[in-house]
Structures are given as structure tokens and as C-alpha cells.
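Below are the C-alpha cells for one structure; questions will follow.
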Amino acid sequence: MTKNNQPATDGVSRRLLIKGAMGVAGAAAFGMPFIKRSSAAETTWTLANSLRSVANPYHATFAKGGENFAKSIGAKYEVLITEGNSEKGISDIKALLQRTGGKLIVNVDPNDSPDARVIVEECKKAGAYVVTQWNKPADLHPWDFNPNYVAHMSFDGVPNAKKIAEVLFKGMGGAGGVVALGGILSNVPAIERKAGLDMAIKDSGGKVELLDFQPADWDEKKAFDITQAWITRFGDKVKGVFAANDGMGMGALEALRQNNLAGKVPVVGLDGIAEAVKAIEAGEFAGTVAWDPLWTGGMGLAIPYAVATGKLDIAKEGKEHREFYGTGIIVTKDSVADFKNNPSKIDFNDLFGKATGQIQYRG
Amino acid sequence: MLMAAASAGTGKLAAVWRVWAPLAVLGALCLLISVFSPNFLTVSNLLRLLNSASIPMILSVGATFVILLGSIDLSLEGIVSVSAVVVSMLVANDVTGVAIGLWAVPLAVFLGSLMGLINGVLHVWLRTPSFMTTLGVGFAGVGVATAVLQGVTVRISDQNFRAISLGRILDVPMAVWIAAVTIGIAWVIQERLRLGRWVIALGTDELTARHVGIPVERTRIIVFALAGAFYGLGGVLSAAQFGQGNALIGQGRLFTTITAVVVGGTALSGGSGSVLNTVAGVLIVVVLANGMVLMGVPPFVQQGVQGVLIITAVAMSLDRSRLDVVK
Amino acid sequence: MTIPDTAVPVLELAHISKSFPGVKALDDVSLSVRPGEVVGIIGENGAGKSTVLKILNGIYQPDAGEIRIGGNKVEIKTPRAAFNLGLAMVFQEQSVLPTLTVAENIFLGREEEFLRLGFISKAAMNKAAALELKKVHLSLPPSRRCADLTFAERQMVEIAKALSLDSRLKGQLTILLDEPTSVLEAKEVELLFSIIREIRKRAAIIFISHRLEEVLAITDRIVVMRDGKVVADLPSKSATVKDLHSHMVGRQLHNEYYREARQSKPGDAVVLEVQALGLAGAFSDVNFQMHAGEVLGIAGVIGSGRESLARCLSGHLKPDHGHIRIAGEELRQGSVLKASAAGIGLVPSERKVEGLVSAMTVAENMTLAALPKFVSNGIIRFGAERKASEDWIDQLHIKTPSTATPIGSLSGGNQQKCVLAKWRIAGVKLLVLDHPTRGIDVGAKEDVYELIRDMTGEGLSVLLLADTLEELIGLSNRILVMKDGQVTASLDARAGAKPQQLDVIRHMV
Amino acid sequence: MQSSALTWLKDNLTFVVLIVLVLAISIYDHTFFSASNLLTVMADTMTLFLMASGVTLVIMMGGIDLSVQSVASLASCILAVYLPRFGAGAIGLAVLSGVASGFFGGLVSNQLRIPSFIATLAVSGVVASAAFYISGTHSVNIPGDLSAVYLSWAVGNFLGLPCEIWVGLVCLVVLNAVLALTPFGRLVRAIGSQERAVLASGIDVNRQKLIAFTLSGTMAAIAGVVMAARLGSGSPTLANEFLLPAIACVIVGGTAVTGGIGSIWRTYLGALIIQVVRIGMTFVGISVFAQQIVFGLLLVAAVAITMDRSKVSVIK
């Protein structure tokens, strides 16, 4: 699934930028400067993060997290992109398994939940270690693939979405009509976050009414157009906008701004991207939920590395350490300053420090 | 042309319908929607429609020239992204120290036309089909944008720049004015410049065009460069509208653009069509999407409904006078 | 008018040679055109005429020899260059673009003179176009889209386009007319000739045609080409069709040209019955019958509605009212499928577009209309296919390296024979021949006449739209004359009792 | 002698390009050039090939089919949803959905005389909706035991080769035969190069087109089934981002977009080329930030080399 914009401090981005410029130059020469020697007989572990596209900030930061860990142990590190194409994602991982002769540790955000099973099976076959993120079939469990399928990490969409929806309702004064923007209909997080919203509305005891729900496929432009249409259709009946991710939230906010409704109609989203945080400070966003892709990107490698190097016997770990949620931080007007001032510290030795309980499967 | 006798008779009628059909379809659509949603035909909503139509408009108008050639341009998303990223990095922003203000706009447009030029040159010199050439350049474009930003999103703080989309004259958003001017320019190019005539000639029968001494290769290259310039402008407006530049900002523009052009009644086979057709086509597509939400069509049915409606629209508006063979 | 031989030639080709892989297209060709002279170039297809034209138009470059204009050596690198040197070409293929207006077509590629501050002034362009149209006595609004023009009108626009040069060039103008009359009717040909006589005062003219009578009528001198060489260069006054033929084909052709002796007497069986057939804007209330083995010729000028009538029978057009019956069976109208299923085949005038698939082989084209015959349990029987096409290649003396040769590489005449073979293989009962000898050379023409006689001999009926009246009269058993969408006469044309051309024309105009 | 070698080279450029690519990558990293790896690469290419194979027919006829990716997704959903209920019947049902969608697309294009580009694009929308509806907008899991019973023909091994390769080969052989031996195949080429002549010869062109579109839909559905089998579940977005790669395969193979020229075999090679380039970049270790750029440039280069321009006068 596409996620948008993740905070990246200016210093970092400027460095990236210069690298990027070099990147373009190199690409002109058929990317020669990018080529890393790879000897046939792999003796050390190769680390890799697989994700949809480095073009979207969430995944870019996710990749960065992986890189940070790789640096910390001086291992070779690769990034694989699926371009939203399941088959490509899988065959790339296969290729890497082949190249490294199975000496691979891979941290995967599967393009679509079905992919997870195939990837896990392939890794098991090759004796590689794998961690999955966000998407996997409900009946696929790490403990069925000891020790290679080390863990599955996710963020619980339902309670987080419920919490942030309640923040929205509070911003609306507890009552009125809301409109909701959803992600790609079949994406697991999209479904969870919708569920969370529905629960919050139910709990509001009829005070809050869901005027309309439209999937904008995680897309800022679509969100923009849909919100415009809503303003026409519902006029001032719209008291608040719920967006299943901050990217769409920004699109909605843009539409509100252009109808001079920004600030009057509160918006919430999830992901905790920098613009959303800014908008919260500006009082246009009521709140967001911040995940920590630097952490997931790094830990998704750190844990299996510990297993691979024998520091950790994963088979002995409890299920709450095999399928677990990370911590989502609710950012609102009150907590925003604090959130900006102390960015999360990541200790690669504290493997499960931020794990908050075993993943729940709801019917 | 085989049915000389017959076509001479029906010719004028066809010509009239050819011009008005898309507008008729558009009108019918508007009526249909306003039946379900009274708010549709309000000034404020129509303004919002035009606003969301402005970027697709600029892109489609550019693509029209390529399609009139009988070629196709799939590099649109790539060019839009690159231009948006570059412009966002040149105006006051949070990633680069640079801030050259509105001078960035012509630069980005120029960059777009440059990438278009690459399309044309590769297509003509390597004699590869435009479909593939532009697909490749498109990939490369998104690739470049990605490589430059490495996933960072450039946030634009330059309000003067954002004004070229958000500012208002007579309560009409600047984006709409810009789109209008762009259409005007395109119209002049098509009707009053040799290029315009030559595009039609090439699209109809390239060999003949060659025989009468039209510089076929140069024309083709220029057209792709021209289209690139339009995409570049589209990228600039996207950046201004959303106040940011990132490698994905062009995503999802391609098919809507081509659909709009064809719905307008411009033949993919080349030769027949016009900028004005495209204007109607874009409005049809945008109104359709807007109406979908207004009428409260259940989400997962929308794609289907949209498909059906587009078929009807095209079926009604397509110019079949030269279409004895449909491909 | 007579031209002093001393005058400097406007255009001169000296010892031009050009070869392509395998063939020597032009071998030491020399010819010259003097001011105000009309020179005819004739020769069978493949004799090198079109190569000469292409060289003069800058599409090919000669391997050897040189081109002189007004006595000065020139190099013609592009069509545009040819244009600027005062060489105006009227192409055989329709090169008028249907999507552009008449004016835009006339000045296509030369818009600069109408640029005002870089913008085209349509007013100026239309005005200029109107003048050019006057020269060819064509009364059309210059802003009309050419898609809405008839064949003949387009050809006239073509000519107007060429003529537009002379008011725009200081130096001498040479106009190259490549088969300009092939789509014109007698009346229009006359018009064209009068135009030529007018403009020859200002321009030299090269006139290329398969219609020898016309060449004799309009030219001062005739250059005959064969196998890439100039084999004769004779004054038109003293020449006759017969010796032109002998020069072209290098053999005396036998006197009895249209094989009237072999004209079979039609049987009594009614093959086709047309009753009160009509199509708005084309023709109305047409009635006739056709018998087995009959050749029914339809005479009429462009706009008489005969093309539409023919295409109604072949199912390409749908008539508004009336009946078509094949052997008593009512034919579902406006469907090519039903027509061909009922045994009607069309040999179209636009051979390359509707007649054959150039990219495919001779065999594949021949069996196209009868594919099911060569299929057993879903698979094409290639052996049978080759066999069948070989038979017809012998039978029709088709010159082709093999059955697997791409048909596009054959000469026009041989292509046309293949089209006929296609319908013979499909076993049609009625063939609609729409200008079957258009743009094919003398030798091939005779073969086609021969074929028509063979077919009718075997009981096939032929509905004929011919290139010339003479041809029409010579071939037909009976002639329907049409005028403004009405049948104005039905003339008997059985062997020995052929009507005179005048008898026919009387009803046409 | 020497010239015949040249002509051979001309006719088999696509093949040569593929070989060169494989060798180049193998030289860089010889683990690439192992039987097991090459087989994996092939197997992974097959779903893409299956999708492209049908499109090839439509493109050779001068049209295009943009509905394949949603058709494949729909098929995967139908399979996943109905396998528990109908068993093998679900496979038939899934393929049938492809037949229907393809047929529908052809019908729209023929009867309403709408360019296939738009017709199939629109149909693709309808099909996508159907997929969302049937799957309840969720991805649907295929129980392992059922998969083992009904879908083993698509996954796993047979005679030492991954089944995907066998499926691909069968389709390759069958479709090639159809193109080479049947009247339909002949007419596909004829219509592609001069439709009006075919019409004038009294051939039911529309029917041929309908067959082509139907076959295209069918192949897409089969691709969807195989995909679902490989991934162990179906999803309404399963085949996303497959459309352009599929068309790219056809054109990289050297089939002309303008119609008339081409073959399934070329598409087969085209698919392999694209897959090898993609995987190759991982092997050679080209940075993800450059991969798309390199991929784009290589695509253009490949077409520039493989395309047979001898029969096309104008390249659009």
C-alpha cells in the first residue's frame, strides 16, 4: 500500500539530495557508480528491505531504518522495490536468495497480503530469515516456520483509528456529520482503519453521523477532488474529515483551504507525516497517529539478525514476540510540541522494547 | 472517400455533429447529475469543477497534439513528476537553499519540453514506436525524480508561487485562468500555425505529407517537445496546488488524460480531432468523477459506472465519418 | 503550336541511370522538355516511368547522369527542392488529405506566404485558393473539407495544387502529370486538356498515362520506355496507337482488341434482378436483370450514381429502398458478407486498399475469400492452397517468382489478376468490376479482357464500370446509361452490333 | 553463406538480445547462470507471458486490450472465493469470467464502433468493480489443502521443471499453432495489415476481432488463476501494475503496434527479456534509485534493436 510523507529532518534530506543528484548523474552512465561488487561465495549475511517504492516518504524512511542497522553491524544492505507489482516483489526476493545462496535477512512489507506466504516459503527453503510488515494472511504464522519466519510486525489500525477518530469528534464538539476517506479497498490497514472509525462512531451514540465514505486509494489528488465534491454535496453539514492516511488528509485539507474552511472543519489522518504535524500546529489538523518507520525498518532486520547469529532463539519466544504491534503515537495540538522535541531513540539491542502486545485477528 | 457520392451528402451533417456531439454529451451528463443533486449546478460547484479540471485540461491539451499525429505519449506521469519536483526545489522550500521565485516556472516548463524533446528524438532517430519510447522515458522520468529526492517530499513555502494555483481573479482560481490561456495557445497553434496544419497532415497520411515537402521528422520531434512543455506546466500547477513536490505527484494522470482526449472525439488513429474536442472530453471525465460522489454511487461500483458512462459518451460523440475501420 | 528545336530545354535528363538491389530501374535514360511543350511518357508498368518521376521529385537520387533545368545542372535532394526548382508533381495516388480543407491542401507545405506575423491568415489562403480553383474551373468553397469531395474533384484539386506554382515562380515551370485522367470521366478529361492547352503557354508539361488515345491527343512528343530504357521518341502527329503499342510491348499486338469474337451469347437464366433500387443522394428507381454469362456495362459520368449502384450490389453501401435478387433469392442488403455468400464479388478500383493485403503472399491473397474451402478440421491445408494458387497463376499467366511472394511486390496488372483469381477461387456467380484496368499496362489490360471473356464463357456474369467508353462498349453485351442517378438508356451491344460512343454519350450528358 | 548468417541474425535478433543479456549478467555474477536460477527466472516470467500472449493477438490485429490486469484479478478472486464450494469447477468459472470479459470488450468495440483502447479501458473498470464485489473488497485466502488438490498443475514441479514453465510452454505452442495453422491466425495478420481488403473479401472481420478479444481475456484469466495458485489467494488488486509490463513484452518482442507483424514466440522472448533485465539489475546490484532509469533506457534500446521495420513504412 502507498503511504505518504514521513518526517525527515532537513539536514538528512539535504544530504540525501546531494546523493540523489549524484544518483542521476550516475544513472546517465547506466548506473555504473551504483554497481556494488558481489562475490559468488557469500560468507557474511546480506540484509535487505523490500518495499513498494522508494518514491514515497514512508517507505524511504523505512529503507533508511534498515540502512542504519546494516551500518551499525557493517553488513551489506540492499533495497528491493515491488512497484506495486506482487510478482516482481517475489521474484526480486528469489533472485536475491539465489545470489546470496540463502545467506539473506530480509524485512518485507508485502505488496499484497497473499505475497507473504510465498515469500516466507521461499526463505524457509533457502534457509534465509524473514520478517514481514503490515500485510499477511491471517492464517500464516511465524511459529509454523521456525526459525526462518522470525516475526510479523504491524500497527493496530483499529484502536489507533478509533482513538484518532475520537480526537476528531472532540475537535468537532462531539457531534455532527463526518466524511471519511479510505485507502485501497482491499488493503488490510485500510480495512482496519475504517473499522476503527466505525467503532468510534458507534460509541458516539448517534451524536456523530458518517455522511459518506469514499476510498481515495491513498491518493492525495483523489482525496482533493472527492472532498471538493463533498463540500458541494453536504455544504456545511460537513463538520469533520477523517482520512485513513495523512497524505489523503493533506489533499482534503487543500480542498478545505480553497473553500476557506481550513481550521473551521477539523481533519485527522494516520502516519504522522511532517506536513500533518505542521498542520496540527497550525490548527488545521486535529491530530494524527505517528508510526515509526525508522524503527520498523531497522528492527525488522535487527531481530532476525540476532536469530541468525544465534544471539536469540526465536522458537523459544512467546507469540507476543512473533506477531506484535508497534506503538502508534497519538499526536494532537497538546502533544505536538513534545512529539517534535524528543524524536524516538532506537536501541537495536532492545529488540522488543516497543512491542505492544500480540496481533488480534477480528472476524 | 470511396463513397464519394454518399459522403458528399452526409459530410456537412457529420461535420456539424462532430463539433457539437461532445458538448451535447457533456450537457446531458450535467442534466442527469443535477437531477440527483440540486447542488451540482451551483456557481461554487462549477468553479470547483473547473478548478479540479485545470490540471487534467493542460495535460490533455498537450497530449492531443501527439495523438493527432497518430502517436501516443506515455511519458506524461514522468515529466509531470520531474517538473513538479524541480520547480518545488527552486522556489522557497524546506530542502534546498535555492529560492528563485517565479523564475522557476519557465525553467520547469522548459525542462518538460526538454524531456519531450528526448521522446521525439529517440522516437524519430531510433525509429522506435512512440508507445515504447515514451514508456521508457516515462520510467526514466519517475526514476530521476525518485533518485533526486530519495523519497523526500519537498514542501513549498513560497506563497507567491502557490498563488499561481490558489490566487483568485474575479473569484476564479488562477489555475482555471492558466488552463484557459493554455487552451487558447493550443487553439492558436492548431488553427493558425503551420505546425498545426502539419500535425493533421502527418496524422492523416505521413507519406503524402513527406511528398509535399513537410519536414516530417522535425515536426514529430517538435510536437513531442511541445507536449512535454504542457506536461511541464501541468507539473508546475500540481506543485503549486498541493504545495509540495514528490516523485509520485504525477501518478494516476496518464490514463485519465488519454481517456479525456478520446472521449472528446479525437481519433487515436490520428488526423481527426481538435483541441476543443479535448476540452469537452476533459470536462466530461471530470464532471463524471464529481457527479459520482454527488450522486452517492457506492464506492466499489464507481469504476464500473464510470466505464459504462465513458462507453456511452464515446459512442455518442465519436466522429465516425472517417471511421470505416475501427481499431 | 510549334516549338523551335533550338530553344533551351526547360528540363533535361542526361544519361540517367538508377538501379536497386537486383534490378536496373533506369538505364542511360535521356529526355528533354522544351518551353511550352507537352511530352508524353508511356510504357508498361515497370518500364521505369515512375522511377523517372521519383527522381524528378527528389525521392530517389540517380546513380549516374545529370538533371538540367534551364540548361543548368541541378541536384534534387527533396520533394521540396523539386518544388522550388519549378517541378510540380500531380500524383497517381490520391494525395489530397481528407482531413484538411481544399485551400489547406493546395498550399500544404507552402503556408509561409500566408503567414502574418507568423500566423496563417486563413482569409488570404482561401482567397488565393479560390483563384487556383478557378484555373481548373472548380467551383468549391476553399474551406470545404476534402473528405466531402468526390474523386474527380480531388484530382482537380491535385492539379490546382500543381498549377498554383506558376504564379509563384520566376523561372520556367514544368508540370508532371502522373496518370491524371485515370479517375476522370470523358467530360472531365476534356476539361483537363483545355486546361493543359491554356497553361502550356506558361509551362512545359510531362504527361504520363496508359490511355494512349489521350496521350496522342494532347502531347507534341511521345517518349516510349521499356525495361528502364528509352526505346522511342517520336512526334505525336505521325504516331498511331498501334505503333505505340508495338514500341511498348515490343511486339505487334493483334488487331482484334476487345475479343468481340469471343463475346459469348448470354444464357436465359436470370442471375441478378434489381428492382426499384434507390439510395438517397446517389440514384433512384433502378431496374434491370442480368443473365448468366452476360457483361452488363454501366456508363455514366462521375455523380451519375453508377459507383454507388455498384457498391450497393457488392454490399458496401446500403440502398434505402428496392430489391436485389440473386437467382430469385432476396439479398439482405448492405452486407458484404451476405453479398459474397450469395456469390457476388467486387473488384474494387482502389486495389491496394480494398483489393489485396499487400504484406501477405500471393497464395494467401488468392484464397482470402475462400479460406473455408482450404480448411479441414480447423487447420489450413497449405498443400491444397499452394496447388490451387499455382493453377491460377498458370491459367492467368500471372508473373510472380512464387506463390509465397508478397503480393505488394507484383506489378499492378499481376496484382489485378490475383484479385480476379481470388473471386474465381471463391466461385462467385457475379463479379462487379469497378474500373478493372485502371492504372495497369497494355499487356495486362489485354489479359484482363481475355479473362472476362473466359469467365463469361463459363457462365459468370460481369457488371462492368470501365475506364473508357471504348473499353465499355467493346466488352459489354448490354449497356445501361446513367445520368444524375437515373437510368437513361439501355443499349444493346452484342458483337457486331456495337453502338458508337456518341450514341452512349448522348444519354450520359 | 555469410549473408544467410546475417538474415538468420535479422530474424532472430530478439533471441540474440536475450542470450546476450543472460551472458552479460552471468559474467558479472555467475550464480545467475545456474540451471536452478534460470528456471526460477523463467517460471516467474510465465504469468506475465500468459497475460501478454493474449494481448499479442489483439495488437497484431491493430487493436489493444487494456482490460487484462483487472480480468486477471477478477479471475483470481472468483477462484479463491468459489474453490471451496465448487472445487475444480471454480477454475472453469474463473476462466469463464475471462472469456466473458474479453467477449464483452470485443462486443463493445465492434458494435458501438469504439476504439479498442477506450472500450477495453472502460470494460476494465466494470471488471474491477466486479472483482471488488465478489471478493467483498478483501483478498481471499485459498486453503493449502484445496490448492494442493486442484492447483498443483500450476505450481510445484513436473519432470524436474516448475509447472508454470509447462503451462507457459503449452500456451506458447497452442497459440503459435493457432496463429500459424488456422484461418483465424491468418486473418489476424490480414486484418492487422489491411482490414478493408479483408472486409471486401466477404470475411466477417468483427467475428475474428471478437475471437481475438475473447482469447485475450481468456489468457488473462488463466494468468490470474496461475497467479492466485502461486500466491495462495486471490485479490481484486492482485494483478495491479501488470498492464504496461505485459504490453511492453509484446512490443519488446518486436510485434508492431500498428498490427500485421508479430508472433506469440516473439512475445515469449520479450517477456523473458523484460524479466531478465529486472532480475539482472538486482544481480548486478544497480541501486534502486537508478533501476527505473536503467530499465526505461533498456526498454527503448531493446525495441530499437528487435523491431522488424522492413514491412512498416510509417512508425507512429
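Going in written order, the chains are labelled A, B, C and D, and every chain counts its residues from 1.
Definition applied: a contact is a pair of C-beta atoms (placed from the backbone, for glycine too) under 8 Å apart; a residue touches a chain by one contact, two chains touch by 3 or more.
Here the structure is a predicted model, which is why all the values come from computation and not from measurement.
Undergrad: Which chains make contact with subunit A and with subunit B at once?
TA: Both-contact set = D.
Undergrad: Most remote chain relative to subunit B, going by C-alpha centroids?
TA: Between subunit B and the rest, the longest centre separation is with C.
Undergrad: Higher C-beta contact count, C-D or B-D?
TA: Between B-D and C-D, contacts are more numerous in B-D.
Undergrad: Using mean C-alpha positions as chain centres, tell me how far subunit A is from subunit C in Å, no decimals.
TA: 71
Undergrad: Approximately how many whole Å separate the CA-defined centres of subunit C and subunit D?
TA: 45
Undergrad: Suppose each chain is reduced to the average of its Cα coordinates; what separation in Å results between subunit B and subunit D?
TA: Spacing between the chain centres: roughly 29 Å.
Undergrad: Which whole number of Å gives the spacing of the CA centres of subunit A and subunit D?
TA: Each chain reduced to its C-alpha mean, subunit A and subunit D end up 32 Å apart.
Undergrad: Name the residues of subunit D that each touch 2 or more other chains.
TA: 132, 137, 196, 199, 289-291, 293-294, 297
Undergrad: Among the residues of subunit C, pick out those that touch two or more other chains and give their numbers.
TA: 316, 348, 353-354 - these are the residues of subunit C that touch more than one other chain.
Undergrad: In subunit B, which residues are in touch with two or more of the other chains?
TA: Residues 140, 142-144, 146-147, 150, 300 of subunit B touch two or more partner chains.
Undergrad: Give the pairs of chains that touch; include all such pairs.
TA: A-B, A-D, B-C, B-D, C-D
Undergrad: Within the complex, which stretch of subunit A touches subunit D?
TA: Going through subunit A, the ones touching subunit D are 20, 23-24, 26-27, 30-31, 34-38, 40, 54, 78-81, 83-88, 90-92, 94-96, 98-99, 101, 112-115, 117-118, 137-139, 184-186, 191.
Undergrad: Flag every residue of subunit C that touches subunit D in the complex, lowest number first.
TA: These residues of subunit C touch subunit D: 314, 316, 336-337, 339-341, 345-346, 348, 353-360, 364, 368-369, 371-372, 375, 378-380, 422, 426.
Undergrad: Can you tell me which positions in subunit D touch subunit B when the two form their complex?
TA: 61-63, 66, 108-110, 112-119, 121-126, 128-130, 132-133, 137, 195-196, 199, 244, 247-248, 251-252, 256-259, 289-300, 303-304, 307, 309, 313-316
Undergrad: Please give the residue numbers of subunit B that touch subunit C in the complex, ascending.
TA: 1-9, 11-12, 15, 188, 191-194, 197-198, 200-201, 203-205, 208-214, 271-272, 321-322
Undergrad: Touching residues of subunit D toward subunit A in the complex: what are they?
TA: Where subunit D meets subunit A, its residues are 29-32, 34, 36-37, 40-41, 44, 47-48, 132, 135, 137-139, 141, 227-228, 230-238, 240-242, 245, 275, 278-279, 282-291, 293-294, 297.
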